[in-house]
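Here subunit A shows up in two complexes: once beside subunit B, once beside subunit C.
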Partner chain A sequence: MSMAAEERDARAPWALTAPALMLFVGVLLIPLAMTVMLSFHDWGQYKGIEPVFILKNWHEIATDPYYAEMFWRTFRIAILTTLLTALLGAPEAYILNRMSGRWKSFFLLIILGPLLISVVARTLGWALLFGGNNGLVNKLLMSLGVMRSPIPFMFTETGMVVALAHVMMPFMVLSVWAALQRLDPQIENAAMSLGAGPATIIRRIIMPQIMPGVLSGSIIVFSLSASAFATPAIIGGRRLKVAATLAYDEFLNTLNWPLGAAVATLLLVALVLIVVGSNALIERRYAEVFR
Partner chain B sequence: MAYLELDRVAKQFGAQTVVDDFSLSVGKGEFISFLGPSGCGKTTTLQMIAGFLDPTRGAIRLAGKDLTAIHPAKRGLGIVFQSYALFPHMTAAENVAFGLEMRNVPRNERAERVRAALAMVGLAGYEDRHPRRMSGGQQQRVALARALVIKPSVLLLDEPLSNLDAKLREEMQIELRQIQRTVGTTTILVTHDQNEAMSLSDRIVVMSQGRIEQIGTPQQTYEKPASAFVSQFLGKTNDFAGAIDRTLTPAQLVVGSWSVPAPAGLNGPVTVSIRPERIGFGDAGLSAKIVTRIFQGNHWLFQCESECGPAIVIRQNDGKAQPAEGEAVRLTWRPEDMSVRARAGS
Partner chain C sequence: MRRNGPLALIFHTIFVVVMVAPILVVCLVAFTPEGFLSLPTNGFSLRWFRTILNYPEFIHAFWVSLGLGALSSLVALLFAVPAALAIARYRFRGRDALAALFLSPLMIPHVVLGIAFLRFFTSAGLGGSFAALIIAHVIIVFPFALRLTLAAATGMDRTVEMAAVSLGANGWTLFRRVTLPLILPGVISGWALAFIQSFDDLTMTVFLAAPGTETLPVRMFLYIQDNIDPLVTSVSACVIAITMTALILLDRFYGLDRVLAGKGSDTGR
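Coming up: the complex of A and B.
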């Protein structure tokens, strides 16, 4: 092979990935870097944004317990949502996997169907059912005399967790489903022939093998829930802010862009650390199942 | 004496009958093969013995007790699956120990039996390996150890060697036979490989379309196939159309220009089957022309066009001169080497 050809070969991958790379740099890396830089700028009610380098915003976030509460709430909701989707989604995927052909595809469609509908529409559905005195379920329960006041759902953390879990469920089911597909179809028969009962088979044979699926589903659900905007905005509103709605408010209502940028950056860094850390842990713990 | 007994067992899926009228009695310590093409019902029969499927009709008895009434987890059978179905999250030793754990075998005894079982299949020192870090042959051995360590009343093998390459398969066949002889476990092997069935089994059950075609020792099924299907499925065979002419005295069996005194019983059109290695070249007999001649080391393979249709002949390479391609020959065989069946039609 000639020198020129070799050189050409070496450049080829760069040339081929250039369009995607440019898009990635242009719409992701540069805005991200600008957001990080923005978080170090100053801001005043009358002077607006001043491009200086100060730690004022970061200092405020670190010392004001308001922000600590906000982030603590964000991760509490994300963790509870993840637990709820795992507890419901894993058995759901397992049952789905055991169904016969036609039912399986029908229920898979039902589970994936919501992904085709906007998150806003799905969350508003919950608001229609449980929203104060006018919510359908609340009206029904109150007119039947079952309850005197509406179920506390709107503007509660419980409501947020339930609505988020509903929105995130397909990701968990799909992730566990993928792990189930890797299972040897005879593995349950093998365990049964060795004398294991149904409970033992689930606990000792199935669970350890689908655990990587549950955990990777959990990572997806956790990071999406912690950074979710639409659902917390509709269910929690102004009364129950999370990190994403807080950043939004700082940007668009208070117009304090630098503070909003600091909140957004902190959320991003925290999420990346948690996701990368837990991913490394999972891969080490389940090395044998992943192979 | 019958140890495992299948009595007119049948399995239907909807309107489709997958296994029909399957009766077999297996002696203790016997090695039986279910042999047939895919879809012949051999795996379905095995799964009914294992308890993963319930027979639609018929009874399965083990040592006189009705096996179908016992839950599959309580049957105490050892099963090796085609895909091995090892538990990937457990080490080889943990895989083998699982059945003992389910039986509440005390820890010390368990460890000892696991060690012995792995040593028996030649995997001493592999205790802490995970299945996905092992080769196909090693996984196969772990699966066998896992099935045998619980001292099963019957060992069921579902195409256990089909995922191995040819050389390894041959090695495992010999080893499987030796292990089965040493342990003495009654064994049922499901396979579509006639060589495997012949080299391993005491008796072969040849199946086709859910029915038993023949039960017999490997020699019986090969030498005296009970049906056209068996003779075609077990090795190569030549089927010639012939006829028994009882108007002559003595009555003659005639195949083209080859004839012998007719056997008793049959009359009219018949099919004559002869194995290719039992046909020789002679001065008289079925006239034929050699189309191709293939040298295969220890033997020659001739494809001929005879007056009764195509014929294959295998001659041992004994160093003597062999007829060339295009040469006209006469095919002949001993009457005791052929099997004669009545032929439908004309």
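Coming up: the complex of A and C.
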């Protein structure tokens, strides 16, 4: 290869990525930086946004217990949703993986398909199923004898967790499914031939091997649940606020943009720290699985 | 491999029923003949589907969503195809950082993106415009367009290109006659997946849409905030039908398992 061609080769990848890079710098990085800046601006009912540098909004979030409670509720809902999807999604992925070819792909389609169906439509489905104290879910649970009196699902955290778990479940099943694909079925047979019972096989052979899948699925579900908007807004109504719905309120109802920007910035920073931190932990703990 | 026992099959049945129930319920209620929400429904009627026609704001929102999805996915591909070719073929400094940047919209919460774009486009004097919606949607669908194109470009047989070069093809001809046809399945699937993502997005769009540029999910969301009646279920049923059609096409073209497996595994990274 001649010198000229080599030089052109070194420039080629940059020429090809330049348009996308400019797009991302201009329309993603700059707006994000502007949002962080906005959180330090002042705001007043009559004067609007004042481009000064103050810590007023951050001080308000740090000291007003309303925000602490709201962030704690957001993360509590995200944690419960993650636990629910892990407890139900991991066994389901395992069961799916043991099915024969045609059933496997059929049910995989049924379970993963909703991922691409509008979240508004799916949450509306839950709102219909919950529907007050005589909703279908309550009727079913009472007729099965699970509980005696109806429990409220609409406008409660319980309802939010159930609906969010449904929305996020495909991510968990997918993640555990991917881990199961790396698992050698012969190990299970070997354990059986050595006299291990089903419970021992699950506990000693299956669980350790799918754990990275469960954990990386948990990170996805947690970060998406903590920043979810549609489901908390529809199921939670106007009173039960989480971070995303509160930011929405500040921006489009109260019009206190700087405060909304501070809430959003804090959510973003918290999520990035949690996701990056737990990814690093998982990769260190399960280094041999990812190799 | 061992078979599933009866307990496992019972668990599986309940699991699948719960996964399908909310979607099924929306579609069932949409066919109610009653003037109010009723479950279970008695009778079957298309009344609420006809009612949609009396609500021009839903019809308009549908066209906005359709145009927005089609256009933003196309624009995203115009940027994503060259970027995917560069990332797939060259080892250069900053390659990993670039790939991470291009996939980052998957990791940034859409509520944060919505706020950032609202602030940005309002300062730029484009607040509430269709152009602003297009640019914002290009960013959020870009990772999906990039990923499927990247997969196609990585798996491509380079010897065909070399043959074309040895026969005198270069530059644009090489791309148009050889490279593009070879990666086309990935590009089309990338477009379809990007379209679905754009068509379904609520969280980011709700910050940007103004009366006149409201998309269908935004219109539905604002409607549900006020009241839930059979009308919004029939609109939802239509949305579900449209997504299903796109899904089936995607499955035929590319294989849904490949699309979804790619989608989930990187979302949290």
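Keep this in mind: the second predicted complex is superposed on the first by the 262 of 291 C-alpha atoms of A that agree within 3 Å, B and C clash if a C-alpha of one lies under 4 Å from a C-alpha of the other, contacts with A are read in each partner's own complex, and residues count from 1 in each chain.
As a working rule, a contact is a pair of C-beta atoms (placed from the backbone, for glycine too) under 8 Å apart; a residue touches a chain by one contact, two chains touch by 3 or more.
Worth saying up front: this structure is predicted, and the values here are computed from it rather than measured.
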Key: Partner chain(s) touched by A:Leu116 [first = subunit B, second = subunit C, both, neither]   = second
Query = Which partner reaches more residues of subunit A, subunit B or subunit C?
reply = C
Task = Give one of first, second, both or neither to describe whether A:Leu32 is in contact with subunit B, with subunit C, with both, or with none.
result = second
Message = Quick one: is A:Met169 in contact with subunit B, with subunit C, with both, or with neither? Answer first, second, both or neither.
response = second
Ask   = Which partner does A:Ser193 contact after superposing on A: first (subunit B), second (subunit C), both, neither?
value = first
Query = Is A:Ile219 in contact with subunit B, with subunit C, with both, or with neither (first, second, both, neither)?
reply = second
Task = Determine, under the contact definition given at the top, whether A:Ile205 touches first (subunit B), second (subunit C), both, or neither.
result = first
Inquiry  = After the superposition on A, what does A:Leu87 contact: first (subunit B), second (subunit C), both or neither?
reply    = neither
Remark   = Overlap of the subunit B and subunit C interfaces on subunit A comprises residues 185, 189, 192
Parts of subunit B lying in touch with subunit A, wherever the complex brings them together = 50, 52, 72-79, 81-89, 98-99, 102-103, 130, 132-133, 146-147, 150
Query = Touching subunit C in the complex: which residues of subunit A?
reply = 9-10, 12-14, 16-17, 19-21, 23-24, 27-28, 30-32, 34-35, 38, 88, 91-92, 95-96, 98-99, 105, 107-129, 131, 136, 163, 166, 169-171, 174-175, 177-178, 185, 188-189, 192, 216-217, 219-220, 223-224, 226-230, 233-234, 243-244, 247-248, 251-252, 257, 260-261, 264-265, 267-268, 271-272, 275, 279
Inquiry  = Which stretch or stretches of subunit C touch subunit A in the complex?
reply    = 1-4, 8-9, 11-12, 15-16, 18-26, 29, 37, 39, 78-80, 82-83, 85-87, 89-90, 92, 95, 98, 101-102, 104-105, 107-112, 115-120, 123, 135-136, 138-139, 142, 196, 199-200, 202-203, 206-207, 217, 220-221, 224-225, 228, 232-233, 236, 239-240, 243-244, 246-247, 251, 256-257, 260-261, 263-265, 267-269
Request  = State the interface residues of subunit A toward subunit B in the complex, per the touch definition above.
outcome  = 184-187, 189-197, 200, 204-205, 208-209, 286, 288-289, 291
